[in-house]
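Two complexes are shown next, each including subunit A; its partner changes from subunit B in the first to subunit C in the second.
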Partner chain A sequence: MKLTNLTTSFAVAAIGTLLTGVILVAENQWAVIGALLAAAALSIVLARLKIGMVLASVLNESSAWVALLIPLGGVIIGFALHEEDFVLMMLATVLIYGLACVGLTIQFGYAGVINFAGAAFFGIGGYTAALLGEWGIPSLLIIVAGGMVAAAIGCILILPVLRTKGHYAALITIAFGLLFRSFLEVNHTLGGPQGLKVEGASVAGHSLLDGIQLGSFQASFYLNYVLLALGVFTICFILARNLEKSWIGVNFDAVREDPIGASVFGVNVAYWRIMAFVIGNFVIGLAGAIFAMMQNFIAPSNFTFSDSLIMLSIIVLGGLGNLWAILPAAILVVVMPEKLQEIGEFRILVFAVLVVLVLRFRPSGLFPRALRKFRREVAQ
Partner chain B sequence: MAILFEYLFNGAVLGIMYALVAVGFTLFFGVLDIIKFSHGDVLTLGAFSGLVSFLALQSLGLDLPVVGLVVVLAAACIVTGAVGALIGQAFIIPMRNASGFNILLMTLMIGTGIREAIRLFYPNGANPKAFPALLPKTPIEIGGVFFRLDSIVLLGLGFGVILLTNWLIRHTKLGLAIRAVAQDGDTAQAMGIPFKTIVLATFALGSALAGIAGVMHGIYYSEINFSVGLLLGVIGFSAAVVGGLGSIWGAIIGGFTFAALQTLWVVVFPDASGYRDVFAFTAIIIAMTIWPTGIIAERYSERV
Partner chain C sequence: MSHLFSARDVSVRFGGLQALDKLSLDVDEGTIIGLIGPNGSGKTTFFNALTGLCQTAGGQLLLDGTDITGLEPRHVYSRGVTRTFQRSRLCLSLSVFDNVVIGRQNSLDLNIVSNLLQRGRFNAAVRENHERVRALLATFSEMLAGRIFDPLHSLNMIDRRRIEVCRALVAEPRLLLLDEPSAGMTPDETHEFMDDILKVRSNNPRMSIIIIEHEMDLMRRVAERCIVLNYGRKVADGTFDAVVADPWVQEAYLGTS
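Take a look at the complex of A and B:
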């Protein structure tokens, strides 16, 4: 790997971080539109020119340290904007949705197990956090418990999913997402349509509701949640990336591309599907628990079918199976509607049209996943 | 006993509506092997265009009982048929080699677009709209059981439309072409069947059925709401899948099964009627575990 490649890639990453910051801060509509146009230009440049290939190969082929670019960029943005409550909340939301999408990528991008109930597993994590929060259990344990409960409920749902395929499997997850929402609406112990209050997180005796104070430096308490989400996101990102590079990832690819062929070669298709579904739901549940703690309040309307669609749109818009693409896509999907208040009422319509156009004219997403270079990986 | 018959009857009216939506899904799946999820919102569009045509008639002073119903149904069918064919032409046919998941997500988003467009562009569209009572709601007593006249007519209308569709598919040249395309598109094309025209005709036909279902929904509940299409679409899809995609009779069985499940729950647990949909969807998931490809399974063999 040449030094020039590294420098150009690092420059692109820095521009990306800068653009993210500008999009997050900009309040003027024209500034937002300008930054979006710049981002679009950047993505076209990356897609067309050699620099894009260089970047992709640096991101995909270097060892795990390259993933530390994410916390680096996140910390820089977070501390630069440490007083802006709303901006930091959006940044944390992007990271949390991104985390859920890492889970969906493991399920759908790697192993090809479809899941239209992302928001339901997200909600299971959130409601677990709400119920356990009352008992004074340490927050980090609660987050893990959110993931465990989501994974456990996913273990039941995997049975019908394994027996069916294609559209039939899609229906099962859609039906589960809808029944989860109706269940929450009518169940009074879970708060019914009004929802539940959630205890805020506290790490090592320090409540995350108190902002960091160091001398004259005073930060919004949302910065704590940005750091928490950033930490969990980075860990899951690196683990998922290692999963993809390992022999497990090769098995996932085989199961996704050709289940029959894979089973002929002795790959246990059902085993890997269960594995991907459970790991993915665990990650989605983690994200849901952090989301609930940050919001301090959850209601069934946070976990609708449209939210599942939003998560799937993120992974499809970014490029199915490409972990790196989750972040730009999540920024586009989560931040853009909040920023373009001018279009206000029309934002869901604009969003729907945007997704339809991308799927119609660029079906593999904005940053398609690179082909696995199997020979080189084996040589390592 | 009388109340049981009333439940049964209301369940049947729901069932015929679900069946009409499900037949659309099954037709689309038959010709192109795709799921067109914008179907539910096309249904809403049909109901709203029926409403608009009725308001137009009213302003002309032509809102006579039978004429009103016929015009409203015709307007709904024409609009939904045209929109269904348009979606097929612009988005689905060019994408038919893409993965099924992409088409599913894309049509879901098209549906969201239609739903939002109705909410934003129909005057005061975010609130429920009163649907005109095109049929008299006089109660009729048969053997101690009271039925609403409009429900009886709706049930008859629904069965009539389904029988007509079945006749169209089984006994006309168009139906023969649709079945040929469903069986094997390439061979059908080689036999001189205009593939694209037939696919578009199928889309128009299926969507027109959704238009009728939309008007029926409006008359039955006396109101129409921009978001009714999402749940009806999912129910119709479930019905089609449970019955077995690609089979018209499967879709009808599925529609009535779903309505029966909902009604059964309300009859057995009247206090917990909120859990109606939870029960119905759980039952659907269990049914799918037992019959992974629907009750009337698709006939196919997998070539390796």
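Take a look at the complex of A and C:
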């Protein structure tokens, strides 16, 4: 039983890695469309045969260590394509957006706290990295600081969000996102509309913005960021997975499903909403800091309302609350438009149609979240 | 002498509607009180006021002599009051276990660090709670105990009622409020269900119950005292036989005169 679960997980990881690799290197846009159609067909077949749900629960009920298949696949792709600047940049971007989506999953997927200002918290992490970069602080600390500043600013926003209900709370987060961008544009110490230069991350005095040169092995500097993002993504993924499989996860779900019913059973609804919002913004802030370091430069136009929507659409398309769905959906949403450059502005249209189709035919996403079962915990 | 719970002149208003009108009643430790009355007479509203779900317009709710009027629902829970809902309030997308275990809120370790990192300890807590929830479910139905990790939406209405009662019981409350727990069951099922609830109570004889039911046979069997509401006002209070003999009750509730 355990062995088959492990084999299944390996098989899923292998197929995922292969498909990701193919989509990433495909030059011809027909090849991209082909790969997408293959992925869509796969998703439909899996759903029809109910295999999708079985796979989701296998992954959900397996040990946290199964998550290490993600960095394994990532490292394989990264080293296989180590000279491809553009491909590695896309891969790193997928991981960074995926990381932000781990935060959004905690907020919206678990506790049901909607956040239309994801890009703003991402930006707060980025600007924190820009400002702290000048002081020679260790990069890892800067990344954590990005998360902490985003979480702290989120604390201010959560108060009006808690005081309003439903759509109004959503409107407040939208307003905050717009406000954040306008604030950046008029604020000259933060570079105004032109933005700021960001010091890249460095490890032991070696800047990650330099390419890798080890004997005869040469690699794009983006490989550094792929590895950095993979590491942070994996840690946050495992922690978020543990969070879901804990009493806190049970409380989050109860708060989302029926806050009144939960409150009658002693659940502190406001506290858990705040917690989810703060933890989520912390993770989004981490992602923003890494993004800024990799880009070497940030401007308000990186953190618009449509970027917030892109982040949300990743978690909704993938399957709300399913951590495993984040990367496939992020590949779809981040890589596809890049690959379909030639059809120009039509790609937005293609993207919009895709979202509508998924929501119409698979309302709980391409890879719906599995039911939480504590079988493994009980057996141990 | 002091009562476990007392309501003193409790009123609730919804706009122009007086849903509860100076209601006073006492509940002693270890007793079962039946609450009856026609539709819209304020029975559910009384439970809502008691559990902090709706505001009172006057009066006092006392638990152990301490005022709990206006407390938030979760604080009422912490003092040992749990309930079921007339229109069931369960989380359909979660498992049976998750739905029931939330009732143990106050004994769950909610520290973030220990939940995330001390997984060995967490697993032990899951085992303990699993055993507890499983045993409670088994009191009601062995079959249900075997479906502890099934999604709630896969259960039929009767099993859902059982889950709601289990969620309220697993907290080991001092005062249990049951709002038409047997709605939708046949008389036989109702009978069996009530027996199961009483079986659980026999382990915890100090627990008091207020039960709202339309099923008169059930009331006769379990309620040591009955309280009759009409238009938010208490119209009778006494043993079942005394209450049904009351001409006012015959007219107001049983519709005969």
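In this text, the second predicted complex is superposed on the first by the 362 of 380 C-alpha atoms of A that agree within 3 Å, B and C clash if a C-alpha of one lies under 4 Å from a C-alpha of the other, contacts with A are read in each partner's own complex, and residues count from 1 in each chain.
The working rule: contacts are C-beta pairs under 8 Å (C-beta built on N, C-alpha and C of every residue); 3 or more make two chains touch, one makes a residue touch a chain.
Note that the structure is a prediction, hence the values are computed from the model and not measured.
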{"item": "Which superposed partner A:Ser246 touches (first subunit B, second subunit C, both, neither)", "value": "second"}
{"item": "First, second, both or neither for A:Tyr168, with subunit B first and subunit C second", "value": "first"}
{"item": "Which of subunit B and subunit C A:Ser57 touches, first, second, both or neither", "value": "neither"}
{"item": "Which of subunit B and subunit C A:Asn268 touches, first, second, both or neither", "value": "second"}
{"item": "Of subunit B and subunit C, the chain that contacts the larger number of subunit A residues", "value": "B"}
{"item": "Contacts of A:Thr8 with subunit B and subunit C, given as first, second, both or neither", "value": "neither"}
{"item": "First, second, both or neither for A:Ile260, with subunit B first and subunit C second", "value": "both"}
{"item": "Contacts of A:Asn296 with subunit B and subunit C, given as first, second, both or neither", "value": "neither"}
{"item": "Partner chain in contact with A:Ser43 - subunit B first, subunit C second, else both or neither", "value": "neither"}
{"item": "Subunit B versus subunit C as contact partner of A:Phe346, first or second or both or neither", "value": "first"}
{"item": "Shared contact residues on subunit A - subunit B and subunit C", "value": "260-261, 264"}
{"item": "Subunit A-facing residues of subunit B, complex", "value": "29, 35, 91, 94-95, 98, 100-102, 104-106, 108-110, 112-113, 116-117, 120, 230-231, 234, 237-238, 241, 245, 272, 274-275, 277-278, 281-282, 284-286, 288-289, 292-294, 302, 304"}
{"item": "Subunit A-facing residues of subunit C, complex", "value": "51-53, 72-74, 76-78, 82-83, 85, 89-95, 97-98, 101-103, 105-106, 108-110, 112, 115-117, 119, 122-123, 125-127, 130, 149, 151, 167, 171"}
{"item": "In the complex with subunit B, residue positions of subunit A that touch it", "value": "108, 114, 157, 159-160, 163-168, 170-172, 174-176, 178-179, 182-183, 185-186, 260-261, 264, 305-306, 309, 312-313, 316, 345-346, 348-349, 352-353, 355-356, 359-360, 363"}
{"item": "Residues of subunit A that touch subunit C when the two form their complex", "value": "64, 239, 242-243, 246-248, 250-251, 253-254, 257-258, 260-269, 275, 371-375, 377-378, 380"}
